[in-house]
Amino acid sequence: MKNKSLVSHIGIRLILMLIILTLLCALNPKASAAQPIVLGVPISRGYPDGVDAERGITLAVEEINAKGGINVAGTMRPLKLEISDTRDLEAGVPVAEALLATERLIIEKKANLIVGVPIRAEAALASIDVLSKHKTVSILSAGVLSPAYHKRIADNYDKYKYCFRTTGSVVPMIGATLGTFESIKAKKGFDKAYIMVQDVAHARAAGNLLKEGLEKQGWKVIALEIYPTGTTDFSVGLSKAKEAKAQVLIPWFDMPEVSILMKQWFDMKVPALPIGYIHALQDEGTWKATDGKVASSVVLYAKAGSVATKAIPMSETFVSGHKKKYGIEPRSEWTSTSYTVVYILKDAIERAKSLEPDSIIAALEKTDMMGTYGRVKFDPKSHQIIENGDPKETAVGMWAQWIDGKRVVVFPDKIATKSLELPPWMK
Amino acid sequence: MNENIVLQVKGVNKSFGGVKAVDNVSFNVFKGEILGIIGPNGSGKTTLVNLITGFVKADSGAVFSEGTKLTGLTPDKIAGLGIVRTFQIPRPYHSLSAVKNLVVPLYSSRIMRTIGGKLGDRDTVALDILEEIGFERDAHVPYKLASAFSEGYLKRLELARCLALRPHIIIMDELFSGLSVSEIAAMIPLVERLQMNGMTIMMVEHRVRELFQIAHRVMVMNFGEKIGEDIPEKILESEIVKQAYLGVT
Amino acid sequence: MNIFIFGFVNSVILALTASGFALVYGVSRLANFAHGALYILVGFATWLFLNRLGINYIVSILLSIIIVSVIGAGIYRLFLIRVKGMPASEIIASLALGIAIMELFRWRGFISEAYMLPPFVKGSVSIAGVMIDWQRLIIIGVGLAMMCSLWLFTHYTKVGLSLRAIAQDKHASMMSGIEPDRTAVISLAIGSALAGVAAVVILPLGNITVETGYMVLTNAIAVCIIGGLGSWAGVFAGAFLLGFAEILTAAFIGPQWQMVVVLLFIILTLILKPSGLLGKQKELEERV
Amino acid sequence: MDQKIGRNERLDRGIKVRTEGIYAISSWKGMAYALLPTFSFVLGMLILPLIVPSMTWQRIMTISCIFALLALSFDFLAHFVGIVCLGGAFFTGVGGYISGVLNSAFGLPMVITIPIATIAGGAICTLFLIPCLPIRGIYFAIVSLMYPILFHRVIQALNIFGGTDGLPGLATFPNIWVELYFIIPMTLLFTFGLRRLVNEDFGIVLRAIKDNDQAVRASNINIAWYKTKAVFIASAIGCFAGACLAHLYGWVGLSLFALDFSIFPIAATVVGGAGTLVGPIIGAFILAPLSEMLRAFGPLRVVFYSLILAGLVVYKTEGLVPFLQRKYHQFEHWTEV
């Protein structure tokens, strides 16, 4: 019998230790009240997109604090960063976790402003209610491309006016994308397209919009295939595209497994140019990792800036700053959007001359400044960033093509540094 | 089918992958008699009991009780018709006390249907049955957990579980095995009292001497076949039984 | 035509990933729900050896397979041995361990797409008009070789037979000198090594993500249940049935239904024929 | 040299009240002794929201209640009916979606959607789980683990109920106090309801089925029907938790089928003490705040409570409540031998 009691003693001590731990943490000391402006960042730190956003924000905050912080009605106040992990991108995690993280930032850490906001659409949509309930101004700067976000703000403006979005939405993105396809059709004479989207709300919306838009332009859309998140085999779709002699393959994925699609495309030598929103291929290291199998694929960035281009001066200072601090070029577009969002807040706070939500909202609605992805202006009704093709007028997306190891901007023409190239087996 | 045949088994057989456990067995059981079933180990006695009470599906043949066909029914439906059995190895509910062990059969639809829910407090009825079976009624014994009882008490609990269903046929699967002589001596009057109140009893036994004291008729099985069915005295002398049991040629 | 080829490849992949789980659960009746975690453990270990320590590819593969089989044996020796009899606690303990390992990788930051393993041989060849890359042909080769050697192992070697003996009747096999814990440790070690081999061959196709771990576990369970426990032919049949079902739904009904089919098959098999296609599971049905 | 040899002797507190059967408590002391543990547990649960420092801790309290309800339904099935159901997520998902859809599509108020979601959810979950009730072994556990993933994929593929975006903007509780003092009493109600049920005749039959289902079958009781009723009770509690969660955050989506809802309750049950029904509640109220505090470490949180779960299951500790019960009912003193 001796061994049994010993064993349960270990277990019991383990549990008693748990309880002491609980009591200890419950009385953690109040956050020290100082003068800094607290910037809350609820982001999914376990995912590449979250890490990008975090890097962009930290870089911007350091640069601003280096120059003395933000001038709020005369007094220079430094920015204090509070980051908490929402885990919202992980499949097996309930959204309640993400909302709890956001709420804790506001209540416990006394965050004046929220930046970044959960990346997954369903978590972000749910957090609108939480943020508005606490009357905290928030600017979404990573992920969440689904049109539902700003529609909800527009529908009941006075309840949800606290939320802004700078990542863009699928609808205008498709508008810009269709322009690109028009110029491809004109230059290369392609007319058969094969669309492959991920089974996620914004991707499905993008797929349908693309299909309509392309058919209006006279393209023949062979198929619109929807792949569940985590698919590891695209052979059927690719062979269908090959048989139907599609010249353009339009993938719309933001899951890491899409690299399988690119590898299979390269191995099966499918004579079609992959051009679409392939989030996983935006990483600088993709070329080395897939040892060149992504050659000549064209990747859409929701916002420009992560790849330096002369047409937008701020993108060059941003990319060099990022390279100096982290040793690599910015990965995805969420680094550049999150970097700029801190500057947008700085500009708004300085114009509003106070941290009071309503005056910041008024200032934000009148924002008009140059960011890393072009000119930043908000639509006063839906608090959505205005975007189309010209960096001088509005925010702008960016197409970068993988050409011998480097990402090169190819569209829109105003910021292109090189013209479009075709894969070797397609010439 | 004269009226006092309570259970009829016609040409039942069952084989487990090549081994013929029960081989074309037929017999009748009359109302109010004690029918003994004996036979060496592995002669298919327990399988026969399992067949009758529906725990095992028969390959062919049929079992009837007062016109209703039992083969094919689930064990709980057959118990609902009043044909109950005890298990060779007692199966009490270890985590429950003796009284609570009896609450389960008293909660069955048969009891609800025949006597209705107004049974008063099921515990008092359980205590009555336990007393009838020989558990002292004082505050201690009926409330001990079933896991704390000796083999004798467990066998009595099995019997009590059958009685709680107000059955008219009880099949006892080796009730006496594993009991001391004194416990068997105490058990025999119990069985006789049940038979006196009109209960039909089938007893599968190895303890032939004790069985022959109370059995009206005895059936002998060997290798799944029925090799004899007669009053105890005749069975003792018959050659086939000796040959089957003692292997004397 | 290409549906047949890619269906075949998909089935061999399923068979390979399930073989480790089938050996451990099917043969020696030990539920090792940490199978998915061991699969990606090998992937990340190989990546670390290759990129961080710069060891050459083949050596790093062997090293990580050895490590994972030691970990597999360790899981049994330290954890599962205490809950051997109770199937429910076995599942909960091994599932919890698997999740702990996988989430540990996520915490250490193994999350972006940069984690990929280079394929053994580059380039592709065209068979009957369908371009198929060498890596997939290697998978088919390794897969078939693996299944045959496992079949021979469990049927003709001493250790293999003792594995099956323990599963069928523990006490009888203990009588004939087979020590249950030792065989269980061996079976878990070999099972994990199988998961390792499968990982090293299949992962170069795509990249290593934590989600693949959960996916591999679901597929392995599906193959073992549908194919039936305890028989290698069952695992093979289950893998091919599922492999082609997935490809056919992707081709004709639509790729988004691909995942649903796998799970639907599990539930249908359990309802219609619990012991699976070729399983010899008798005690599943009621028996006194 | 007479070295004192002694041993630690454990004696029952000498109060008659402790025997298993019928007993009469005459003295106040005896009555207080018997009722103190239950009374302090109920009072503690009701007062806790008042003494908790900030609103987030109250919000964590409601989340712990949700997990406590799921742990309760797991413990009831596992310990009293002998069915290991790893489908916590299945209940929260179905319950959450029903109340979410009713509220957003038909605009029914919360007071109606939660009861409907509990009953209808319970019925649907039972309907899905009935086919694998008669099978022995771990198949029930595997199927209940697979169902949430299946529902997740089906809803995603059909793009119904708002697909991957889910249904935002549901009715929420007026304020935090209504939330707390609706869910905590309901949790207590379910806990003591189940404790009462388990000692009722119906509960006795369930426990008998767990002990020896063949014997129960031989006493004219249709096991399948009782198991179905037991699974219905457990899924109804789980669906109630799901419905409350949906209205807590005013949002319903695919992540209600998350694996956390299946694994966390089991960890809470094991920490709190399997088989005591009150244990899982206490276990949930320990683990939920703890895992919330480790939020800063990100995924390490999940590693933390999965290792706790694996460790406690493997070392077969009896859990907190049985330990406390033993300490409460016995005292040890050193005696010379």
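When the chains are written out, they are named A, B, C and D in that same order, and each has its own residue count from 1.
Throughout what follows, a residue touches a chain if its C-beta (ideal position, glycine included) is under 8 Å from a C-beta of that chain, and two chains touch if they have at least 3 such contacts.
None of the values given here were measured: they were computed from a predicted structure.
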item: Chains in simultaneous contact with chain A and chain D; value: C
item: Far-end chain from chain B, centres as C-alpha averages; value: A
item: B-D compared against C-D, more contacting pairs; value: C-D
item: Interchain centroid distance [CA atoms averaged], chain B/chain D, Å; value: 42
item: Averaged-CA centre spacing for the pair chain C and chain B, given as whole angstrom; value: 50
item: Approximate Å spacing (C-alpha centroids) for the pair chain C, chain D; value: 33
item: Inter-centroid spacing, chain C versus chain A (mean Cα positions, whole Å); value: 35
item: Residue numbers of chain B (touch at least two other chains); value: 55
item: Contacts with two or more other chains, residues of chain A listed in rising order; value: 46, 90-92, 199, 228
item: In chain C, residues with contacts to at least two other chains; value: 106-107, 214, 254, 256, 259, 288
item: Chain D-facing residues of chain A, complex; value: 7-8, 10-12, 14-15, 18-19, 21-22, 25-27, 45-46, 84-85, 87, 90-96, 99-101, 103-104, 107-108, 121-123, 125-126, 128-130, 146, 148, 152, 199-201, 204, 228-229
item: List of chain C residues in touch with chain A within their complex; value: 2-3, 6, 9-10, 106-107, 109, 111-116, 118, 122-124, 130-133, 135, 205-207, 209, 211-212, 214-215, 246-247, 250-251, 254-256, 258-259
item: Chain C partner contacts - residues on chain D that touch it in the complex; value: 78, 84, 86, 131-132, 134-139, 141-143, 146-147, 149-150, 153-154, 156-157, 214, 259, 263, 266-267, 297-300, 302-303, 306-307, 309-310, 313-316
item: Residues of chain A touching chain C in the complex; value: 46-48, 51, 90-92, 199, 225-228, 230-233, 235-237, 239-240, 256-257, 259-260, 263-264, 267-269, 280-281, 283, 285-286, 289-291, 331
item: In the complex with chain A, residue positions of chain D that touch it; value: 52-57, 59-60, 63, 153, 156-157, 159, 162-166, 168-169, 172, 245, 248-251, 253-256, 258-261, 271, 286-287, 289-290, 292-293, 295-299, 308, 311-312, 315-320, 323
